[in-house]
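Each in structure tokens, the structures are laid out below.
In the two assemblies presented below, chain A is common to both, partnered first by chain B and then by chain C.
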Partner chain A sequence: MVQDTRLIELKGISKSFDDTQVLHSIDLYIRKCEFITLLGPSGCGKTTLLRIIGGFETPDEGQVLFEGADMANVPPYRRRINTVFQKYALFSHLNVFDNIAFGLNLKTPEALGVKTRRQKREEIARRVGRMLKLVKMEGYEKRSIDQLSGGQQQRIAIARALVNEPEVLLLDEPLGALDLKLRKEMQVELKAMQQQLGITFIYVTHDQEEALTMSDTVVVLNGGRIQQIGEPKRIYDEPKNAFVADFIGESNILSGIMREDCLVEMLGVEFQCVDEGFAKDEPVDVVVRPEDVMIVGEDVGMLTGTVESVIFKGVHYEMMVNTGAMRWKVHSTTMQPAGSRVGMSIVPFNIHIMRKEA
Partner chain B sequence: MVRKSRGAVKAFKWTYLALVLAFLYVPIAVMIALSFNASVSRAEWTGFTFDWYAKLFESDAILAALEVTIEVALAATAVSTVLGTLGAIGMHAMKKGWASLLLNLSYLPMTTPDIVTGVSLMLMFIFMKIPLGKGTMLMAHIAFDTPYVLFAVMPRLKQMNPNLYEAALDLGCHPLKALYKVILPEILPGVVTGALLAFTMSLDDFVISYFTSSTDQNLSMVVYSAARRGVEPTMYALSTLMFLVILALLLIVNRRSSLEKM
Partner chain C sequence: MKRSWYAAPYAVWMALFTIVPLLLVCYYAFTTRSGAFTTENLTRIFDYAPVLFDSLRLALYCTALCLLIGYPAAYFMASRDMSRSQSLAVLILLPMWMNFLLRTYAMMTLFENNGVLNTLFEALGLPRQQMIGTEGAVLVGMVYNFLPFMVLPIYTVLKKLDPRVIEAAEDLGANPVRVVTRVVLPMSVPGIVSGITMVFMPAVTTFAISRLMSSGMIYLMGDMIEEFYITMNNRNVGSAMSLVMMVLILISIGFLRKADPEGQGGGLW
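This part shows the complex of A and B:
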């Protein structure tokens, strides 16, 4: 699906509001038909970056290129980009049909491939009908916006943007206000729409699971800087630093020392790992996912500890195991009662070594 | 003992309320009653009549004043509604510090006594050698009406989703088109309330009009000059009509604001 052509390129984008710098020299490219997610905690600069792409903010430094052309002097209403805003921003003085038709009504008949005003009206009705079908809201044409639920408003906002057939759709935390079940459904539907229409989606969220579920590429941002860019699986399996490891999924993060290639010492114990290329005795951060810690007998474990607490999480149990030097978060489908002594072991492949951040 | 004092408190409460209401409304009620009194004398009731109302419409002076009042009120409302609405939109888009400074500056004229506004405007017109008449009265009315529109529109803008304007741009509107296709419909209830308020303020103004116009008189000025000559019952009728029109307008404004809060 994703093509190799670079549709949008950001070069050295910096932005400050008053005295706080929210973006530090961001370099990023977005390919045609890519579903790319800007992921990070609130205040990381992800929404500002999206607004710069949409043309609602001007960067202090740097360039936004769209198919190689500088967008500095192109206002939002001339960009082939449409946006789904965080709180939908639907027009409450218009009904559902007129909200979706808003962008089309502004176009000339010729732009819609027809000649007369009457044909334009018919063409608009046809396209709006197709959009309502796409977002599963047929029959709602005459409803007023205030009569719709949050989820329905969300769908109308998506239809209003997509009906203009943009090259790029920007989505600013569009599912934030929906309940969990609806959010999961919409994630699947959005991804399906994106693949069906072949439009580039740039998606902003702070929900790491959402990012991993939908994206071709995830861009992890923190403090106005890109922490890591990559496919969801790579980001999850090979976080580049402690921030990414901590933000994406749950993890045990601890300090260690690289004794030699494929051998790391942590908590005074040496572990086999698969990472190479570090200096001898270089201090590193070590990440172990909770599901990668295996509970074994106390006598055969690489580490031993006491189970402090057990929480049932549905598919698995979450246990906190205290080894004296550290508390480990462990996910397991079998439960060990609180207070029991257990051994823990980790296979080399599941120990992930990261360079210490300067 | 306890029950007795509680009864006394209750009696006091109701008497007090009745006295306050009486002070406020008995004079108006008396005036309305006298406007229907067939006798010219205030001392006796000789029968019910509409004559004084009929006479109003025979007096050229009153008809001329009615025309001035309505003309000025309509024109002042139209201009101040446009100015106040645009001003509110501009201030809303400004940085906070500047916006609040300007808002406070706009609020000041609403609190300064009418007589100060009137005298200062009169001085300004004389200084600029503009002859005092309908034109200067209109300018004065625009000046005191505009803040009312501004403060009626401002809350609507504050409530508005800030992304609405951007959504309009996003869908292909030029900034000006976004203003009248999206922003204006969204704040329209505030604009209408503001216009009604401005119209009411303009209709019942006396002090500022008195100082800023000499040749043309509005209804309040006619009532005032008639009262100095000795009050005729036609003035009771005129005042009654003005009272009712303004009461009706204010009720509409109130109803609109309470509906909006829901």
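This part shows the complex of A and C:
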């Protein structure tokens, strides 16, 4: 379980490449045993942030603290951090066993808790065997890397990092190259491994579903700035701004005006909501998730519109409903044919009000 | 017309200037002047064993020196700083744009008794050195001529190396020395093999460089073969010696091939 101790702290991290600033004064702390995900579109700075934690980039400004100690002058090979690289970066001149054993081979026998070189070899074989079992790749010791499929290489890359028993594991879009089914399986396995081993995982992805599935904490980044930090459910249910709402899951975003506490006007209709603390008549962004829009009879709907298109998505239908002023994305398990008139209603709890971004 | 016909001019060229001469070399090697079959030409090689030995020895030294100088240069060129590496690549390639004899003559003027270096020594109050005629001078000439052939294949392989792989090694606890010994060197073996082949082969049959840089004092197999053909007008022994050299080179290629079975070293040969 996530502990309260802060393992890593980032203080005011800024970084530029050439003339583009990719990180703007990032403050973040990562707790022990936390599964934290840096989520954002490509170019948002998430990989750079990960590389700064790993020691592969130096920040222009700010500090990385590891258990309170400044890491500025600690090279990657002295950090108790291991990385699973994008596209794995396995050693093609070594077989599976030697890839996993790479880090252990560099250690002294004493560091592995044995005395002689011979015992070290045995200890390494034991630990590599245990890792292969963990990633379900037993029997592949002698295979060469280019004989493995993408998913298998992925597992070896994870085993190669985990065998060193790091305090922190950095994962840079590790599932990006896998097909959907394998990706889902690996998500579950990674989460299980993290809980079983009690290691802090810092995970980078642009896949919001992946982030929500696996993480204890999600950090949403955009344009080199943190947009929101929080538990997956909180981020999904209470996005802090329009960017987060749009990026995490699908949403209908529209402008509204806060008439009073718990009453918002949008599209000329007043809706009950649950948000308070806004100024009277303050302009706000309103987010409604497609699955929170209920299709009702035309006569009882708060809004009425015409179904423009229907797409079957597996579990639900995705319908675009035009109310004249706005096209709504609606998810429903019951289908309304295109062209039909429908009413829509939204319960107050599902209307999310956000302050306008400056 | 079939695509294969496009290669016809090259095939004719090959036949005329590679296959026919090869057959002629074989024919002369096993015949006497009058055309009778003999193996005596081949056994004559033993009379020149010291020359053969010197040729192999110098070629080995030259290859080793090229590797020692060339590898770090290639490593530096392949490093991430593009602009600097490009200019270095040009510097390495520049001498290759000139005929090797010209280059060697230029080297001679450096090392001669009244040459540039000795003038410099004198100006610094150091004694003049007899350099032309020494094995060292020959070796310098050879290394200078063959160095690019070592640098380029290694550079090609190192350039293709994924920087993430090096980061992965660092990440797993390898300090800079170990990154080189455990990852960079093993992964550049194909380039090294290619470089060794490209240097050793021409080095072992060096001629002219040895004669010019030693003012005729040091004789290598290449010079020997040239002398048999041209000065002594003895094609038979000359051919026999050429044949022996060819076999030696083929054997060494065979060994090197084993170290790089997939020919990843840029396939320059």
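What we mean here is this: the second predicted complex is superposed on the first by the 358 of 358 C-alpha atoms of A that agree within 3 Å, B and C clash if a C-alpha of one lies under 4 Å from a C-alpha of the other, contacts with A are read in each partner's own complex, and residues count from 1 in each chain.
Following the convention adopted for this analysis, a contact is a pair of C-beta atoms (placed from the backbone, for glycine too) under 8 Å apart; a residue touches a chain by one contact, two chains touch by 3 or more.
Since this is a predicted model, take the numbers as computed values, not measurements.
When both complexes are overlaid on chain A, chain B and chain C end up clashing with each other. When the shared chain is aligned, chain B and chain C each come close enough to touch A:R160.
Touch criterion met: A:F91 reaches chain B and chain C at once. By the document's definition of touching, neither partner reaches A:Y29: not chain B, not chain C.
By the touch criterion defined above, A:T83 lies against chain B and chain C together after alignment on the C-alpha atoms of chain A. Residues 54-56, 75-77, 81-83, 85-87, 89-93, 102-103, 106-107, 160-161, 164 of chain A contact both chain B in one complex and chain C in the other.
Interface residues of chain A, counted against chain C in their complex, comprise 54-56, 75-78, 81-83, 85-87, 89-93, 102-103, 106-107, 160-161, 164.
Note for the complex: chain A touches chain B at residues 54-56, 75-77, 81-83, 85-87, 89-93, 102-103, 106-107, 160-161, 164. The residues of chain B lying in touch with chain A in their complex are 161, 163-164, 166-174, 177, 182, 185-186, 188. Within the complex, the chain C residues that touch chain A are 162, 164-165, 167-175, 178, 182-183, 186-187, 189.
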